[in-house]
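Here come two complexes built around chain A, the first alongside chain B, the second alongside chain C.
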Partner chain A sequence: MPAKPVNKQVPSKGGIFSKFKGNIEAIAIGVKFFFNPQRFTLIYPKEYIKLKEGYRGFIVLRKDKCINCGSCARICPAAAMRLIRLPFTDPKTGKTRMKLWPVINYNRCIFCGYCVDVCPTEALYHVPYHDVVYETMDIMDLDLEMFQKEPEWDTEKLGLPVKYVVDEKMGLIKVKIKEEGEKQ
Partner chain B sequence: MSGILDAIIKIITWPPLWQLVVLGLLVPLGVVIFILWFERKTAARVQRRIGPYHVSPKIAGGLQLIADLMRYMFQEVIIPKTVDKFPFIVAPLAALILSIVPVVAIPFTSIKAYFPIDMSYSLIISLALLTLSPLFIILSGWASNNKFSIIGGMREAYLITAYELVAVLAFLSAGAITGSFNLVDIVEAQSGVKWFIILNPLAFAAAFIGVLLSTSGFPFEIAESEHEVVAGAFTEYSGLVYGMNMGAAYLKRMIFSIMITVVFLGGWQPYTPGEGFIAGYLVPSIVILVKATILMMIFSFFRAVYGRYRLDQALDIAWKILFPLAVLGFGLGLLEAYLGII
Partner chain C sequence: MSGIIRTQGAQVGFNDLKLPGMWSRKIGKDLYEIFIGPQHPGSGHMRIVIRIDGDVIVEADPDMGYVHRTMEKLSEVRTWIKGIPLFERMAIHDACNVTLPYVRAVEKLMDIEAPERAKYLRVLLCEINRIAAFLYGFGIFGVFLGHSTMYMWPFGDREVWVELAEWLTGARLTHSYPVFGGVRRDVPAGFTDALRKAIRYMRKRLEDYRKIFVDNPVIRARLEDVGVIPKNLAIELGITGPNLRASGVKYDVRLNHPYEVYDQLDFEIPVFQEGDAYARVWQRVEEIKQSLNILEQVADWLDKHPRTPILHDKFWKTAPPLYKKIFEETGRAKLGAVYAIMKVPAGKAYERAETARGEISYYVESNGGNKPYRIRIHSASARNALVYKYIVPGHRVMDLPAIYGSIDYFPPEADR
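Showing the complex of A and B:
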């Protein structure tokens, strides 16, 4: 048997004057923000959010610390890290032999940071930015030389660093980060 | 050579042409472009955003609207196979023209030589012409042969019944005070500080919200709501014809603003028209247009504050609050006429 439709009504709270008051309050808030706008839109190329150390951004290799164990390539869930075989001359003995070195393919990388976590000698580290542009997809598959350099970060040259903080009255607000020289 | 120049100036400043083309079309079009920019910028300020910015950062994104206009102008006009072609194209044109035509009945000065048509029932005629254009919005919804368009057109039809009576009664309260339907008499009765917004605020409030309802201003943007019925009656339109549809609503609101300025805000009142074309026609019309533009800015400010009402809520407001308000305003006008305040 289908349910019987029942006509229910929500009782309206307050009379016409409370509604009038609510409208006036809404318009007052609008006028307040119209004359004193507290904008928090990020004008991206001119401003950027400064991320803290420990942010999982692009990955860089310190070749002198690497012990060629291959753990990074084994743990990579996206198969972005792979090992390439290159000759290596030992500075102590002077002998040259082939070794396996990790290189990364940013077409595949998901920036999970497992490789950095698993590295036994801390040969891999993150840089705290993620907005890097490569011109073609081929360049994104880095070679060993490129993997040792920190990628160029143009945003820092173009824009000012900002951060978002929670204010008690306004909620979320945008604050410019002062450089260390200005603080003193 | 000077004879040709004089002839051209004489043709351009011929009151019917000047009033219909310059005061009715070109100036309101410029105001509408400014108001669209102002509306987006105001909503952004109130909602803590930036608004149009990247096209010209130095003048706060002022060229964004020109860019949008260019985009509408060069977009392809698509006419679907299923539509009824003749009304589909004619309806937006007719709505646009009928939004502008009421300007011929509105006086911009008190000097008779500069009236396009001298008539003693200008209030009623301009109101009657203003209430014609929504019929063509319904027609364009019907001709589109699309369920969203028909729903949008029907919503417009519901809203006509709600606001038309309110707006007309509110405007006629000025006739009740002065005992005249001539807009020149109405403006001249408001000399000094006896503007009808002060003498009859109830009718002004009813007219203000009625105009918002009639031009689908933001809290009452019901007939062409984007989220519910995909721009309502204008779903099938594209390119310049769509831009014309959108522009018609804003032009109509501008003409309504001029009407409110003339009826409630004293028209050219702080200024007294003098002799000649500039002192007698140009300056008073500038006074009226500036007042109307400020009114338009207040209209567009409401977009930032309010969310959209549902259709039933809007009809509720119109019939239960605005209609009694308009009747009270009319009564107040009659009372003031009886007491002889004017």
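Showing the complex of A and C:
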């Protein structure tokens, strides 16, 4: 059943009575929300949102899983991921040879998550946060060592975790997540 | 700014009118030219040059192009998949709608079609985006009219839809959700329940909007019979979207050229006859209601059908067991390495879709390489912006924000 066009009409202008009614309605709803406000402001450094699983946050490399295929660098739309040539010693054979490893430049990254999705061995993964501070722009261009560590997340140390839940009456409500025990 | 005023002002009398943040100059007897924008208090990046006689606008000249990013040219030096995050930047809060025709055009060239579940998921995100974009427009409109409550409420309620989109795709705005041959993620557990709650909440909320804004006599007095676009002018200028339908033209891409699963869903296309700013507000309210109807049907469909692959067999058949395991566990469809180096058969394709602001169309040409040969985009806002030149003259200056807001013009989408 395809869509069907339906003619609609704006409500008629009405006389002085409907104007009066409209003003009263507008004031009444204003008063209603004045006494019973819908607020879900995040008091940011004191509280932080614990984001859902699957959030496309900062990206971390698991070097042991990486097979040096370079798909991540090839698919990156912002050219944030690039490959660097570094010596790698195979623990089994003891031979050393050069291999290409991905590193990321967060000055360029747009967090589309293509690199994580295209990685054939799940060597890349997202951490569920995005509020990370780097002191200078130079260190946002990570080296291989930094790329393997999860970025330091100060917000977690400063604040309490909350999450937003869709609610029928209030739209969104802020729910405090207590300690680990309550979550499970 | 001051330097330019001083050099030119000597002859033509710049600085005659002192207005905060605006340039103005006298160009004749009782005739002033005022430059509104490109940084104006609503949504920015566009300048309207108006000439006023007293308080009445005699001429208006929309001056677009402040956020031009050469997207069409940039896409020619990137591989096919990199076009998706690029074109998303046209309207980031309407991301699925603006990228969908590009994805569909490339699919047409490759002669593949997304699986049915992926089609429903695309419609799901499209409608979530549409509602969020309408609410964004309402917020801007409210602040243009000095109605700060209407600025706060829709932006707060938009958060509900943005939150849902984030849950589904992993990003608040730039979702990059549809890919060639399907979508990237399946619905997470518990998503449809939250969606139904949001739908019921939004229906209730629209009644609140009606009381405080749409049926408010003050707002009605400012909007009724302001910025009337007659039916013939709307067709002549090629206006699209809610603005066209508010002028009484029964045209919607979802109705005339249904794509994805819109031909299987039961919904109405509201059409208003008046064509003034007030009808355009009602048009958007009715469109939100219909989007909620669509979402309800999509949620029902998703509940009834179990999880099946969301990428076309061409990509999913050869997927390794790890990919299938991750899809079963998390609903995340991993992309094959072929996406990075994909070559699209030579040919031309044309696709269109209905975004929140009207019809967007893509012409995609491939010469068989791994990059597009040419992509031409015609976006809704670019067509809608023309209307200022024709309907603004004759109104008073105070009507300009009302007209600007009611058109729901979005500069980055127009300038590309």
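Rule of thumb we're sticking to: the second predicted complex is superposed on the first by the 136 of 184 C-alpha atoms of A that agree within 3 Å, B and C clash if a C-alpha of one lies under 4 Å from a C-alpha of the other, contacts with A are read in each partner's own complex, and residues count from 1 in each chain.
Throughout what follows, a contact is a pair of C-beta atoms (placed from the backbone, for glycine too) under 8 Å apart; a residue touches a chain by one contact, two chains touch by 3 or more.
All values derive from a computational prediction rather than experimental measurement.
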item	value
First (chain B), second (chain C), both or neither touched by A:64	neither
First, second, both or neither for A:37, with chain B first and chain C second	first
First, second, both or neither for A:145, with chain B first and chain C second	neither
Touching partner for A:135 - first (chain B), second (chain C), both, neither	neither
Chain C versus chain B, contacts on chain A by residue	C
Partner chain in contact with A:26 - chain B first, chain C second, else both or neither	both
Touching both chain B and chain C, residues of chain A	26, 29-30, 38, 40
Residues on chain A engaged by chain B in the complex (per definition of touch)	16, 26-27, 29-30, 33-34, 37-41, 43
In the complex with chain A, residue positions of chain B that touch it	42, 44-50, 53, 301, 304-306, 321
Interface residues, chain C side, partner chain A - complex	78-79, 81-82, 84-86, 149, 156-157, 159-160, 163-164, 166-167, 170-171, 174, 176, 184-185, 188, 194-195, 197-198, 200-201, 205, 208, 211-213, 215-218, 220, 224, 250, 252, 254-255, 258, 262-274, 278-279, 282, 286, 320, 322, 326, 330, 332-337, 339-341
Complex contact set, residues of chain A against chain C	1-11, 13, 19, 22-23, 25-26, 28-30, 38, 40, 51-56, 69, 71, 74-75, 77-78, 110-114, 117-122, 126, 164-172
